[in-house]
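Shared chain: subunit A. Partners: subunit B in the first complex, subunit C in the second.
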Partner chain A sequence: MDVLTPADPAASRTRPRRSHALVHDPRSERRRAAVWVGAFLTPAVALILLLLLAPFLITAWRSLFDDNGVTARFVGLSNYIALFSDPDFGRSLLNTVLWVVGTLVLPVLLGLLLAVLTHSVRWGAAARTAVVIPYALSGSATALLWTFLLKTDGAVNQTLNAVGLGGLQQEWLLHWPMNTLVMIVATTWQATGASLILFLIGLQTIPSETIEAARLDGAQGFQLFLRVILPQLRPMTVVVVGMSIVNSLKTFDIVWLLTQGGPGTASETLALTMYRQTFTLNRYGYGAAVSVVLTVVVVAASWLYLRRQVQQRSGEGV
Partner chain B sequence: MSRPAAADVVSLFNDNPSWAPGFQAAGSRLRPLSGFRLAPRAVPNVSNYQQIVRMSAQTGSTTDLIKWWNGYRLRDIARAGILADVTDAWDEAARRGWSDDTALRSTFTYEGKQYGVPLYKSYYVVFYSRPAFKRLGVDVPTTWQQFLDVVDAAHAKGITPISSGGATSWESLIWFQQLVNGLDHRFYQELTAGRASYTDDVCRRAMALWSDLYRRGAFSAPDAQTTDLPAQFTQGTTAMCLYGTWNTGAFLDNGVKDADLGAFLLPPPPGGARSVIVESGVLAVSANAHKLDAAHAVARAWLNPSVQTAWSGFLRDTSADPGVVPNVGTVRQVAAQVRRERPTQAIRYWEASPPVLIEGNVQELSAFMINPTRAQATKTLTNMQHRADKEWKVWTS
Partner chain C sequence: MTGRTARGVLVTLISVLWLVPTWLVVVNAFTPTEQYTGSPRWWFTSAGLFSNIRAAFDSADVGQGLLNTLMYSVIGGAVAVVISALAAFAVTVMPVRRPGLWFWFIFIGTVLPLQTFLSPLFTGYATTNLYDTQYGMVLIYVALTIPFAFFVNRNFMLTVPKEISESAQLDGVNWLSMFLRIHLPLARNALLAAFIFQFTWIWNDLLFGITLSLSPNVRPVTATLADLSGNYGTVGPPVVLAGALVASLPTVVLFFVFQRFFVNSLRLTA
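Presenting the complex of A and B:
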């Protein structure tokens, strides 16, 4: 590559100095590019620093205090020690794990299944609409509906009684782990629509040639799905599973509205424990400690999952 | 754009937007007495409300008056120095004969001074459906055995004898406080002051009685909701509910006729004495109030019968002034029984001990309601005492 340098007197004479430096000095070009990239990145980075990192650091700092909202006293790591020796925290962690597993198994698999089944059939649109409509409802509306269904004198038990299946009546929301499981079912009813839409988009990006080629090679039915369609849905699966993990780790609204984390603390998730400690018991330091633990869990889970996926995809590329 | 408040207005922060007309009615009576009327501002979510009060009361953004809870919840913020001393308002009410209730006054006291005046004074009574009682052929019980007979009669006819929610709410404390206080009022006071144990005999007997009532079929499912109660009373599917008299208005506003609604003090269990649980809201003066003198003037005039008549008439609940009773049959019935029998009074469990202790113990009681066996009762009381040991140390540290 023919590079002009300031040491070239001929070039200095025949071209304006400024233009020469702009066009041909690679260091200057890199600097300019860096400035441009920085300019584009700055708003996003500033927002993340301002709205995510700064609150996290403030919360982490507050977790070192015994703070009742009026007075605060530095206690070091006492809140964390109390947290990890609290049996309620263990239950809360277990419930959160149940939510992660439950929402991975049910809404993601159901969304995938329904997307594949309804993708290329005539009645597919009607079926898809029926599944997607609950997704349009707010979490609060969903919780109210399911409270009406699941409370002890609610619609489910009354229906069971009316059709002669009174023996199957249950106190659905009052016993652990059944209350957590039925709330996962309620969330599945609402969240499957989102997975379905994303998987449908994924299905539409699969080139028809690969399907036809597979068919010509004799692949069909489950084999076609497992060996041809599913691998090509991988990018979308990464997104759906990643979103599902993060959403389930921060589960709050439906549990709060259906059981308030009870009876006792039986159905609490980490997000509810954080809320109860902070806003009900006015233990701001302790609640901040739960927030920090929850943040670490969410970031660690997302990072581990995405890192693994990205590495696999890089490996595939090589 | 915000505008400066009118000169004759004091701001009042509270957690109940539906009380605004009542505060305005009381304010119109306060105006000639104190020179000020009320401008209520409400945050309907109790948790959010508490956060805002705790934060804003330390700043210049506080309102002049604050609605709060009495007992240890009041002490919790009084000792933080965000409330003004209103002892003079109690002295004036006693001097003028409006209210001289030492039991109630003690629940507004921190280190010998009062930090609020009573917004209302509710009693925990058994509401009952008169049509249901008529159908069952029973009268208002005056003994524990008669009460059990009513329960059995309702149960036999497929009517839910007592609606009792609390599986996931504060309401799980209602029967616990009633039975412990009913068995031994002095013990209840010692227990809630941290000088007696949850594993003592009285608590064990109270839990046994509660468990026996469950076994008898006395209660609804523990996830019953109070909002469903007016319809159940009207339909005659539920006979009774132990609740605060502050809920009278909710019954009347949701289809229960005053003539069909009755209320009585629950007879004491065997070996107990007549005692009633009392709940009272607090009207407190913010230490950082913009109009501190005006807020004090309002607090001094609050218990004036003219103000109380307007306010308790709106609430349809009993006042701290026993001479002011709203024109509602059920409330008059309760007020008359209290006047006649003069039961000892105990503060509601919710306000009776440090808040963190109470919140945790209420959750234990909720868990008990799901599995109301004797074995679970023992476990519940042990857990409650463990929490008491821990939280009393925190409170006094």
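Presenting the complex of A and C:
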């Protein structure tokens, strides 16, 4: 608060000083301001330019070459043409779409469900802790755990056997599309805590008067949820959904640790295809083309999402 | 009444389902390597946790990995937050032409897929001798975490009333002392939130760890653990789990210490 107090006395002195400033040489003033701005912006801009944007542009440029790391030959768009006629790329794209849809359906919906169910219950905190702990675990710890669960002689099969459901035993990570689906479940276990927290914050911003008024009007249970709570949660939902889309498009860690994209290339996502082409097969141009396609998809998706969010903001007058 | 019972059953069911994997991690991290039969255990047989942790630390340099990660997370997170606060101040308070353009220029870093940077960075690092050095790792983590920290800081600084900086300017305060004395103290919470987010992000990064480093005294702990569990690992799953448990502890603790704070600071911006 101490910081704020000088504001008022200063405001009363405003007029005489401003006229004085105008007499001052405006050009040198502007130049000095530009130097200050430069000093404040340069570190961030330089680092982003050198370490993120420049590498991205190099990758985009490289995608036009047939490049094995030693020799490079300009081939125009043929990497992209080869890409779109490659069945492995098609599967990788399909897996990425599965990830986007799967993580929207499972962690986001479950997070919403749990937030609403445990929001006003006294013992809700215990349930929420159970769901949030995995979110604080690192991705590699999660992957280790799930390898452990899903191995052919792992905990899941062991349990199925023990309860007399041995017939349901599977080689969980060895067949497509089962491997992608179980990895989405593993991600759900870890990521639901994040959306749960965000939805809880959203629920706390709903005025209790709104809920009370709706109750008095006879809204109950599912009706109350659908007609009152869900619309009020909309700003937070946009954030959670947008984050979920961008992150799932970039899925890498858990697949890399659980199956390395295998067996073969069956469970690869775009991020993994790009990684394998570039670093395992040394097909730099082709790998670059994959990452450019991935970039276009992510940028398009996040632009659509941000644009939508901005529209909603202005529409609701928040 | 039936509705409430159904809700209770459902929530209990989901909680138990979520706790089972967590339980397995803990129990099996306690299982001594020599008693491990290849299939996971469901109950404690002995307190082998500490010998497992010791094995992880001895055989895979988890200790060195943890130290590296701690250094990258603390230094990288702090530097990124300061640099992004400067940029956020410039874009929101200083008279910049086209602030929107600068915003997107910095923010685009969170949107671009990380894998896009890998190959040119690898080449660039190799030619500039930054590959497999601690400087190189800190540098890339700073660059990678600037965009999001910038986003948080900018959103906060937009809420600081314009009159404050205007009157300070008329009092002849220069930009640097205005930033240091007014905006930085006001943005303390946003800075801390941004730091915690970036700390956790760097702590959990695997991709850049395995790409830009090789030797044990540079590799972050996530990369060390990935090697430990990979095809060339020589230790059993209990040791790997014990290592993972230790590696996750700092973020778990950080998370619970700041849980209340997280909720509050986010609510301000909502």
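Here is the rule we go by: the second predicted complex is superposed on the first by the 252 of 318 C-alpha atoms of A that agree within 3 Å, B and C clash if a C-alpha of one lies under 4 Å from a C-alpha of the other, contacts with A are read in each partner's own complex, and residues count from 1 in each chain.
In this text, a contact is a pair of C-beta atoms (placed from the backbone, for glycine too) under 8 Å apart; a residue touches a chain by one contact, two chains touch by 3 or more.
Here the structure is a predicted model, which means the values were calculated and not measured.
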Subunit B versus subunit C as contact partner of A:D153, first or second or both or neither: both
Partner chain in contact with A:F65 - subunit B first, subunit C second, else both or neither: neither
First (subunit B), second (subunit C), both or neither touched by A:L173: first
Touch count on subunit A, higher of subunit B and subunit C: C
Which of subunit B and subunit C A:G264 touches, first, second, both or neither: first
Subunit B versus subunit C as contact partner of A:T118, first or second or both or neither: second
Touching partner for A:T280 - first (subunit B), second (subunit C), both, neither: first
Common ground on subunit A, meaning residues reached by subunit C in one complex and by subunit B in the other: 153, 279
For the subunit B and subunit A complex, residues of the former touching the latter: 47-48, 50-51, 54-55, 57-58, 76-77, 80, 82, 167-169, 220-225, 355-356, 359, 363-364, 366-367, 369-370
Residues of subunit A that touch subunit C when the two form their complex: 3-4, 6-7, 10-11, 13-14, 17-18, 21, 33, 36-37, 40-41, 43-45, 47-48, 50-56, 58-59, 62, 110, 114, 117-118, 121, 124, 126-127, 130-141, 143-149, 153-155, 158, 189, 192, 197-198, 200-202, 204-205, 221, 235-236, 246, 249-250, 252-253, 256-257, 270-271, 274-275, 278-279, 284, 287-288, 291-292, 294-295, 298-299, 302
Residue ranges of subunit C touching subunit A (in the complex, touch as defined): 3, 7, 10-12, 14-16, 18-19, 21-22, 24-25, 28, 38-40, 83-84, 86-87, 89-91, 94-96, 102, 105-106, 108-121, 124, 139-140, 142-144, 146-147, 150, 161, 163-164, 167-168, 170-171, 174-176, 179, 181-182, 185-186, 203-204, 206-207, 211, 222, 225-226, 229, 237, 240-241, 244-245, 247-248, 251-252, 254-256, 262-263, 266-267, 270
Subunit A to subunit B touching residues, read off their complex: 68-71, 151-153, 171, 173-175, 259-266, 279-283
